[in-house]
Amino acid sequence: MTRASAPSESWTLDEWFVVALARTIRDREVVFHGFGSPCAQVAMHVARQTHAREMMLIEGATYAVNPDPVFVPPTSNDLALHQDATYRMRFEEFFDAAARGAVDRMFLSGGQIDAYGNTNVTAIGDPTKPKVKLGGGGGGCNISATIRTLTLWTTRHRSGRTLVQDVDFLTDLGHRSREGTRAELGYTGRGPDWMLTELGLFDFEADGHARLRALFPDVQAEDVEKSTGFELRVALDRSLLHEPSGSELAAVRHLDPLGVRRAEFAPAELERTFAHQHGPACAC
Amino acid sequence: MSGFHLAPDKRTSLADAVALVHDGAQVALGGGLCARLPMALVRELIRQGRRDLHLVGSAHSIDVDLLIAAGAVKVCEESYVGFEQDLGLAPAFRRAAEHGDIEARESCCVTILTQLRAAEAGVPFLPVRGVKGTDIRRLHPEYGAVTCPFTGEELVAVPPLSPDVALIHAPLGDRHGNLHLDQPYVLDERFAAASRMVVATVDRLAGTAEVADAGVVIPAHSVAAVTEVPFGAHPSSCYPGYAYDRPHLATYIAAATKGGAELADYLKRFVRAGEELYRKEIDAERLSSWSESTDAWKELFR
Amino acid sequence: MSGFHLAPDKRTSLADAVALVHDGAQVALGGGLCARLPMALVRELIRQGRRDLHLVGSAHSIDVDLLIAAGAVKVCEESYVGFEQDLGLAPAFRRAAEHGDIEARESCCVTILTQLRAAEAGVPFLPVRGVKGTDIRRLHPEYGAVTCPFTGEELVAVPPLSPDVALIHAPLGDRHGNLHLDQPYVLDERFAAASRMVVATVDRLAGTAEVADAGVVIPAHSVAAVTEVPFGAHPSSCYPGYAYDRPHLATYIAAATKGGAELADYLKRFVRAGEELYRKEIDAERLSSWSESTDAWKELFR
Amino acid sequence: MTRASAPSESWTLDEWFVVALARTIRDREVVFHGFGSPCAQVAMHVARQTHAREMMLIEGATYAVNPDPVFVPPTSNDLALHQDATYRMRFEEFFDAAARGAVDRMFLSGGQIDAYGNTNVTAIGDPTKPKVKLGGGGGGCNISATIRTLTLWTTRHRSGRTLVQDVDFLTDLGHRSREGTRAELGYTGRGPDWMLTELGLFDFEADGHARLRALFPDVQAEDVEKSTGFELRVALDRSLLHEPSGSELAAVRHLDPLGVRRAEFAPAELERTFAHQHGPACAC
């Protein structure tokens, strides 16, 4: 699982990805990730050690508040994540806070994601007799409705099977489902504001539809086009994916010495390396 | 007379403890993900050939998967079953769900919590904030709808959930059934209050004063049986005693993914043999080395 | 951005802490009966001339009665106000209720708990099991009815209760606002989660490590202000520091029963003078003698 | 507040009263009292030290389970009551247990009690402008409905103002209210089975109406008649109020050295003394 990190004058895609996720967090937000999401988990700690020092970080499966992990282990309910924490929420305490709207941001991923940011973590194919049974949604089917804002991410955009026209099963709510918009459903949570993939960064337009805003420098718009199952709206602004700083990279490497974040990526993506220059990096 | 368990001594054998779980029982599993899972109880359920269990809980892993692999499960009403990004999808769960051998009635942490609270508070339903607009509701024809008498808003209503038994492993307990747990408690406190009984294993039985000093989290009056089983949560972690056994989990997943003879071999070696032989097989002492140094701790996860 | 309070240092003066409570605010009082009442905050509310407060809580005593005696209260929505069989009915509460000077909107521990839970869980109502058949409902036109979608049974429905502020006294806390309490916590955990903010006093401010070792019961993110006020719960108890001051309570009750000049004298001597002079007046050190021996402890109650 | 106890060959009314209350508890019941009820509080501990050693005792305002008090103090939320307890329920944990029917017996008193065991602890007179504002009902208006059985008691029967035809305000439910019977209200709790007063002991008939079953030996039926505001049904069985045993009296005296129980009685009642003989004791 481990691999020597690139020196700080260069960095790998997984490192940049985590930094870009971290940047979706604003200071003084209350932020949560679920289990099984090391990229988001590391990103939250990176944010808290860099630009969002007064955020409130709620650790995925332990509900510890602002812990400083010994290291990020490969399983989310582990003492290494919260050994030093002053306070751990109870299960019900966290989920109540999320349900009443006291949590500002949650990170969510999915085996499928549609243009409105709905995610499927339940099953591919007919849910009553699935082609692939996924793990399941944890608490998302309630709290995706009520947490103020969501950051979506996937590391499997290039597969072409992740960003789809229609999710086979809607586990967690994006901006609108067949039953209506968030307003129509009576939800105060605003839905996703950002979606990061290993190819680039999306935001969401006023109608709730995803829009491509930036590409990683080694990615072409056509790569995204052929990997995306829904209508691709584009309004590029390269500055939205600017290069990671030395302190951000140092934070990633310090927090995740085991490289747990890499488990989310296909092996080829882990070969992508970048250095301080504009334009695509070599894939040496 | 009440639902509480007042016998002064709840100690019993693992076999007698598990005999309290009947075929077809609704069973809540304590702990979460790959921490403090009631694995010795799970293995004994398999040894006793329990069938048609209805599992309920939040996010779980090998406890659920092993029961499914052994053919003990009919309905799986958990919010997640898997091994996260580390070891991936749960092989037996996945296969059984895809083949229709179990009913994968996926639920949500918040919904299960709310249903347990309804049972705890003795009300016939409770409203939940979310669920509307998602497909989770399609898996649950038992859910209803209720209109708020104040706002006129329609909410999803859920019925009480009162498991027949909650299986809980704790690092420490006493003969009365008082259990000490470290946080996160996950749903264990709620399971203990909402279920008809708790059947517990503990890594170590101690005197009441020691358990009270550590802090009683699950009280004796919720517990029907308690059995000392060292490493009773293995291969999941039970800090401060032992960390997650990553190589063992990988061994299990390989066997369960292949199924057939490989799975039968795993079951023979690690389940049928009984807990005493199990402890000899697993070399669990090394999992206590986590507390020696950060490097030693990290090493367990490489 | 959320309802949580993220400032790293919440220490402030007692005056500034209480300035967060506005006239007409809905105020939850921590502690219960005559234990761990937020008396220094109550006295400061009176010094600042706060008016029209709407008090909510379970079973209380001198905190509520003193606020009423000082004319600070409009609505009293507690489940009990009094001094038990020891010192009897609450004199100012009783007089104000009988004269119509306050609205005594008596509630029930379970109903208040349920209303706080509705606020905590973000749902617009919750059902309660009881209340039907009693006259408590007559005092609460805001209650509604709801029909269970599963059983058809009609239950009383109650709206969420989200106090503007919860006033909580703790024996120990840190500058971030983490508070340690000993059990019983009464409703303090629920108040902290359901209220917009906690305003706290502590007998002693300490480092975070010490508070974490003792156990954080009310987390910093619920707390907007914390002030060190030794004997801040006096004349109620705050173990392990000090027991209930029975002679002082009797002095208060005599003054409040007489009203007029006697009450004015009490307010002047024990409230208007400020906390520093208060501590000089009360000879509180003797209340710490409870831990010396059982006889010493008993002596405090004779 | 203190007073020398009578020697064990004789005993006072307050001692006998507490013993008689204790005897309404059956072994292996889960039993609770509210605050401000020292007679019930002491009675529960007496029961647990004598005939009901496996009962589960939940202490009034601390929710401690089976504590052994250092002594009974005059206020219910005090460490002296629960210092040694292995477990203390949380507030919500107790009230949930009571609401779902897991508690077998509660002790309840009231400023007024009617023939059906309804109690008023809220207000005498018009509740919107009361003649006497009482303290209030705590959690009773919910849990009197759901706890399996209730023991009622009053120490103020002789006043003539306590056992009344109609309560001015129904705080806690007995066997039936204006809105219907317990069955009609959907409650599984069975209501009061015993009511003890300083004059005698009542049970309840099938229609939920109180019936006098025994008198303290220094009380005449006419005393009860003139003190009771509702129809007096009588079926005496003297054995239902049999004399306290030495161990019961010892338990009372040991548990309540401050005599906190006495605060519930009018001074004249505390002068009543009994000795081992049948018939009324002298009031010497």
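Order of writing sets the chain letters: A, B, C and D. Residues in each chain are counted from 1.
The rule is simple: a residue touches a chain if its C-beta (ideal position, glycine included) is under 8 Å from a C-beta of that chain, and two chains touch if they have at least 3 such contacts.
Values in this document were obtained by computation on a predicted structure and should not be read as measured data.
Taking each chain's centre as the mean of its C-alpha atoms, the one that lies farthest from the centre of subunit B is D. In whole angstrom, the spacing between the mean C-alpha positions of subunit A and subunit D is 60. Centroids built from CA atoms put subunit C at 43 Å from subunit A.
Chain geometry summary: the mean Cα position of subunit B and that of subunit C are 39 Å apart. For subunit B, residues that reach two or more other chains under the stated contact definition are 121-123, 128-129, 153. Across the assembly, subunit D contributes residues 99-100, 146 that each touch 2 or more other chains. Contact between chains, as defined at the top, is found for A-B, A-C, B-C, B-D, C-D.
Listing the residues of subunit A that touch subunit C in their complex gives 26, 28-30, 54-56, 65, 86-87, 89, 93, 96-97, 99-104, 146, 148. Across the interface of their complex, subunit D is touched by residues 1-4, 6, 8, 119-123, 176, 178, 193, 208, 211-212, 216, 219-221 of subunit B. By the touch rule above, subunit C contacts subunit D in their complex via residues 32-35, 58-59, 78-82, 84-86, 89-90, 93-94, 97-98, 100, 104, 106, 108-111, 113, 117, 128-136, 138-139, 153, 183-187, 189-190, 237, 239-240, 243-244, 246, 290, 294, 297-298, 301-302.
Residues 114, 121-129, 144-151, 153, 155, 157, 159 of subunit B are the ones that touch subunit C when the two sit in their complex.
Within the complex formed with subunit B, the residues of subunit A that make contact are 1-2, 35-38, 61-63, 70-71, 73-80, 88, 90-92, 95, 98-100, 122-123, 127, 129-146, 169-173, 177-180, 185-187, 257-258, 260, 263-264.
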